[in-house]
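These are the structures, in structure tokens.
Next come two complexes built around chain A: one with chain B, the other with chain C.
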Partner chain A sequence: MTNDDYSSALTRRRFLRAVLAGSALVGAGALLNSCGAPSAGTSAPATANTTPLKIGLLVPSSDIYAVLGASITQGMQIAFAQVGNEAGGRPIEIISEDEGTKPDLALQKARKLVEQDQVALVAGVVSSGVANALRDYFHDGQKLLVLANAGANALARKAKSPYIFRASFSNWQSNWQMGTWAAANIGKRAMLSAPDYAAGKEMLSAFRNSFEAAGGEVVQVQLTPFPNIGDPAPFMAQIRDAAADFVYAFYSGAASVAFVKAYSDFGLAQTVPLAGVGFLVEQDVLPQLASAALNIRSALHWAAPLDNPENKAFTTAYQKLTNQQPNVFAVQGYDAARLIIEGVNAVQGDVSQQDILLKALGAATFASPRGPFKLDPNTNNPINPCYVREVRQAGSAYTNVVIAMLEAAGDPGDDSKDTPVA
Partner chain B sequence: MTLDTFVIQLTNGLVFSLLLFLIAAGLSLIFGLMDVVNLSHGAFYLLGAYVGLSITRWTGSFWLALLFSPLLVAVIGLVVERFLLRQLYRRGHLDQVLCTFGVGLILADVMRSVWGSYVESVAIPAPLDGQIVIGGLPFPVYRLAVIVFGLLIALGLWLLIERTLVGAMIRAGVNDAQMASALGINIPRLFALVFAGGTALAALGGVAASPILNIYQGLDSEILILALVVVVIGGLGTLQGAFWASLIVGMADVFGKALLPEFSVFVTYAIMAGVLLVRPQGLFRREQTRLA
Partner chain C sequence: MTTEHASSLRPAAVLAAQRGWWRLLPLVALALLPLVAPPFWRSLTLEVLALAIFAMSLDVLIGYTGLVSFGHAAFLGFGAYAAAFTTERVSENLLVVLPICLASVALYAVVVGFLALRTSGISFLMLTLAFSQMLFGLAIRWSRVTGGSDGLSVARPHIGLGAWQVPLGPDLDLYYLVLAAFAASWWLLSRLVASPFGHTLRGIKENAQRMQALGYRTRRFELAAFVVAAVFAGLAGMLLAMHNRYVSPDTFAWTTSGQGIIMVIVGGAGTLVGPILGALLVHLLESVGSSATESWRLIMGVVFVLFVLFAPKGIIGILRRLRRSKESPRA
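So, the complex of A and B:
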């Protein structure tokens, strides 16, 4: 005990001495700044703030969402590199934490970024469960959060917050437009399939509501184990038995590969067309799905071969950085970073002017690889374009060719258009 | 459920059961002789799958992967046994569990840095890439081959243990390691052999299952849990137990998914909990005295 007391006294003394020396050298104002005091903004306006702008990056670097986390990070890197890693005259400093998959642990990481690292804002978040867990902390603490994936509808509805911006999508989007389109272009009798968790149900609900409104009929809803679907073979026999015109599915990552491959192995692809929300056949899994994904039609707010200058430049930059094709998650990371840059530029780096910053973020518009990027002021959620894509073979590779462009839509902002699917 | 569908699901159940047996046999074998609960089993499974993937890519032959991946992984198993586990036989289960769990974590990180985080899949090899109509549904031939392959491996292991000299040594070691040692059986070498064999079986399961379950980071812990459920139900360390428990768990998984999809995960664990309550030693464990 005495040893501990002694050493802590020593550190305290050493610390004080360092502080004194520091203040003698650089003056009290600079010292305040380096301690991260939020409003040192009383200094003369002639000397602009050139201290690094700290941005907390919270994405998964392990576990099942690691690919999504890496893609988002790389997308952000490209956007920041385009502006010389500087926003509002301040160099950008990224501080990363692993989001993992557990909401309570992710909240601890977010608190660490905000309270210990004193970041100006936190960006990232793949999992909706994590986003929901972070919501109150950021809303009540009036801290800024920019989402690059997490699609929970509630974050644009009853849990929306003036401090939370979403650069990605809500689960309702794309599915809702696709319901109408599928009823007219694929078939009238659909079987729905998704993992048994909140995002799966939200996606299927949105599809079902517009599909039924357009005269479609849902013959069966298949909810499969989440997060591990295991061997999907038993579900294939059910799909055969349902005898629907087509299957509409939401799966992502490993579950998508398992489901789509089994669908093809059991010969269902020839008899019951498979359609879905775009994550089912997105670029992160498409090379593995290969011929099993042929002819699958899916809706999403982006497609790899989109013919616009931003997408081409982004694709080139992404390939140069990673040697891989970009995916929708990278685009979302890129757009989240673009949004942040717009906001920080508007306050010339002084993020303590939060009112102006929030207003600038909400009003930001720019040309994104997905098309024009614009937030809905009512929800802080993007008004997304919706592309219907079809998997086709191009040489030895497979790609999501755009076959239709549906009306752009923001999230409706309340649950009135949604009745739960199951 | 129509008769057609029942026949399909029964076949699905057989496929998954024998896949489970391939996955769990090595874990059961290692525990039976060595009294070691090998929590790196899932990692060796995934390593086998990844090594198989690389061999398939280099050589273009899935069959070479099926042959050589288990051999390569067995060498790594030998190294782990010789330099880590061997130091721990005299200590309690907790030390061994911590050690093998740690080996699993290290292997997982190594696999992440070597093979990356993208999901990988393996195409079904010719000539098994066709379909046969069962119950009106085109059924992948490869899945039927998995049934045959699993049965052959089961039969081979049974013959090895019950009908060969090595098998007799293993059985002697299981019953009484000290006495077997006194009779001149080289127990350390036997342990090394069994551990290598167990890891080779894990890798074999990994390669054989990869066209069905695919390959991705995190699959190692899914597989470990499945294998543990199988050996707990069957009784730790009995091969017959592992076989029948695989059938129970495989059928429960398939019919659970087909009939009670919302509870399908629960069904398997409910069976395990029931077995633990009624027969904590497992359904097929022979009573035996153990000196370790």
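So, the complex of A and C:
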């Protein structure tokens, strides 16, 4: 018995069998794969221009960001359907992978898309953490990445890359314009509130910098647990005690529902106006917030009732596809796909002409539901319009009515205008 | 059993020749793998090898010492962040980065182990979990240093010794580095558990009081095992960080610790080889399985439950049972 125990780890035979079994498994995988690769190669005819153009779609299909992932995917579907699922003369083939929430795993999925599926480019990415994890892989490997959400400022600043394009926003945008506007139109003494993570801090910092420059004063910065706020009562008490003119907040998704509802339930909505960056009351959470969201003013690069032909067409198409109102994430997905189509058209489907493709992507302009879409050549980040919206009731539904349009701005491209203060 | 006993009495030269030759086979297979497998499978294998080091190190605690740690990801993450800090602030030379990483992990493990090993059983489990959650919180909130939820990027190091400089540029070099680290870890850990020290650990697992009565200061042995396990987990973390060129607080998440335990249990605790196979199975399920279906977590759960119910000794237990049933006619 003891002898068996002592030798259990080390016997040659056991080790051999186990490891052989293991390496056989790995080998079998490799073999399967190497069998798959040539067949894919032989099926490609000499006329390369009509083979499917593979696009890797990396968005969350599980966990807390699944709704955002679905919205982005649907927005892309609409854009691709508008061009008959063809770009540069090649049919578009989408290969989807789950972004999940873990950066390591998402990076592995991106590797799979690039190395195994050999996609021409990867699009999507909701989480900034994931986008940061992908950055070096795409930059060093000179592979193309089109972001449809992830707003980390760094991706337009010290981590910017000629191979990474962003069709969404940087966390700085909207917040910066809103700081100036709020100082003039809402109040001079603000309390700030956001979840305690990178995006929350970047958004509050951008607001605070321009707000203070415009003569505003921040009385308190409240950072709440991320990703779940937990019991909001102590934070509401803190807000009540701060006696600010208004509260400026960034929350998104489930956290936004928890925060805004508590804000209304604690009776704060009547005494201290709530404002924020648009995700706080975006269309994905507005039906759940309902009357709790009334009169909240927020800034974003898009609003549901925007009166332009592209937005109307997009809204109709989106409703037809999903029976739901579009949200800003769907718009970002749509614009990401539009950007890709422009780029691929410019090289007539020959994505191996990367220099021309990169130039075309950077120079692409088109009419988007958010207004004119244009990238800043310095950052590959869009120069976004900024709409101040106010939640109003329209019949039984609630919507973000545009009450002001602020100057369009791209990300400053470095941290000099943007000291971290939250 | 008797044949094993007899084999240990054979001349050392024969033994060494036989053992050495056989043992190299899977390593040779792994060394040749990049030549035939496409890059994606190479990087997948690299991840499996690094996670196998992590699982083996946890096995030293769970399988050999009887300490069920639910916070082993703390050391994986610590090694990863140490790699990020060292490559950014001190040097990108692997010969500098490696000792700094491992020494800092060991130092941290001494502190954690000293406190956590005052307890045992469920309290030990909760304490190790608490320490790893503490690092998780620190990594998210101390964003000025750790990059917060955005994480940090990690430079890929080179190997430099005076004028002799070898860049670890393409993925292939890193694959062989990880393979070498895996081989070295397996060899060292298997020597360790077969040594008198390893036997003492097993004695502690079976009956700590008796070991104390025999005059062993069991907590010192436990602490030593804890630090050794942490150092190898830190090594795995460092390698993974260099592979991904990125670390995020997610490395510290309790789910990473949980997956480590699953690797050990499914592979077969107390066997070292088992956790290697466990790492292979769990990682393939997570990476390949999640591409195939969104319900891969359900599959992983079912696999885990099936193993716990029907094969509590894991994959190795099944292999052993198969061998025994094959050999029984002869006996």
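As a working rule, the second predicted complex is superposed on the first by the 374 of 422 C-alpha atoms of A that agree within 3 Å, B and C clash if a C-alpha of one lies under 4 Å from a C-alpha of the other, contacts with A are read in each partner's own complex, and residues count from 1 in each chain.
Quick note on the criterion: a residue touches a chain if its C-beta (ideal position, glycine included) is under 8 Å from a C-beta of that chain, and two chains touch if they have at least 3 such contacts.
Worth saying up front: this structure is predicted, and the values here are computed from it rather than measured.
**Student:** After the superposition on A, what does A:N323 contact: first (chain B), second (chain C), both or neither?
**Tutor:** In the superposition, A:N323 touches no partner, neither chain B nor chain C.
**Student:** Would you check which partner chain A:R111 touches, where first means chain B only, second means chain C only, and both and neither mean what they say?
**Tutor:** Second partner only, chain C.
**Student:** So in the superposed three-chain picture, is A:S416 touching just chain B, just chain C, both, or none of them (first/second/both/neither)?
**Tutor:** In the superposition, A:S416 touches no partner, neither chain B nor chain C.
**Student:** Quick check on the superposed pair: does A:N132 touch chain B, chain C, both, or neither? Answer first, second, both or neither.
**Tutor:** So A:N132 only meets chain C here.
**Student:** What is the contact status of A:T224 with respect to chain B (first) and chain C (second): first, second, both, or neither?
**Tutor:** first
**Student:** For A:S396, select first, second, both or neither according to whether it touches chain B, chain C, the two together, or no partner.
**Tutor:** Neither partner.
**Student:** Which of the two partners, first being chain B and second being chain C, lies in contact with A:D196: first, second, both, or neither?
**Tutor:** A:D196 sits against chain B and chain C alike.
**Student:** With both structures superposed, pick whichever of chain B and chain C touches the larger number of chain A residues.
**Tutor:** The partner that reaches more residues of chain A in the superposed model: C.
**Student:** Intersection of chain A residues contacting chain B with those contacting chain C?
**Tutor:** Common to the two interfaces on chain A: residues 62, 196.
**Student:** Would you pull the chain B residues touching chain A in the complex into a rising list?
**Tutor:** Touching chain A from chain B are residues 2, 5, 8-9, 12, 15-16, 19, 112, 117-121, 123-124, 131, 135-140, 142-143, 212-214, 216-219, 222, 253-255, 257-258, 261-262, 264-265.
**Student:** Along chain A, where are the residues that touch chain C in the complex?
**Tutor:** Of all residues in chain A, those touching chain C are 3-23, 25-27, 29-31, 33-34, 37, 61-62, 97-98, 100-105, 107-109, 111-112, 115-116, 128-129, 132-133, 135-137, 140, 152, 154, 159, 196-199, 201, 226.
**Student:** In the complex formed with chain B, which residues of chain A make contact?
**Tutor:** Those in contact with chain B are residues 62-64, 66-67, 70, 196, 222-225, 228, 230-231, 233-238, 240-241, 253-254, 256-258, 261-262, 265-267, 284-285, 288-290.
**Student:** For chain C, which residues count as touching chain A in their complex?
**Tutor:** Contacts found on chain C: 1, 4-5, 7-8, 18-19, 22-23, 25-26, 29-30, 33, 36-41, 43-45, 47-48, 140-141, 143, 147-151, 153, 190, 193-194, 198-199, 202, 240, 244-246, 248, 250-251, 253, 270-274, 276-277, 280, 284, 286-287, 290-291, 294, 315-316, 319-320, 323.
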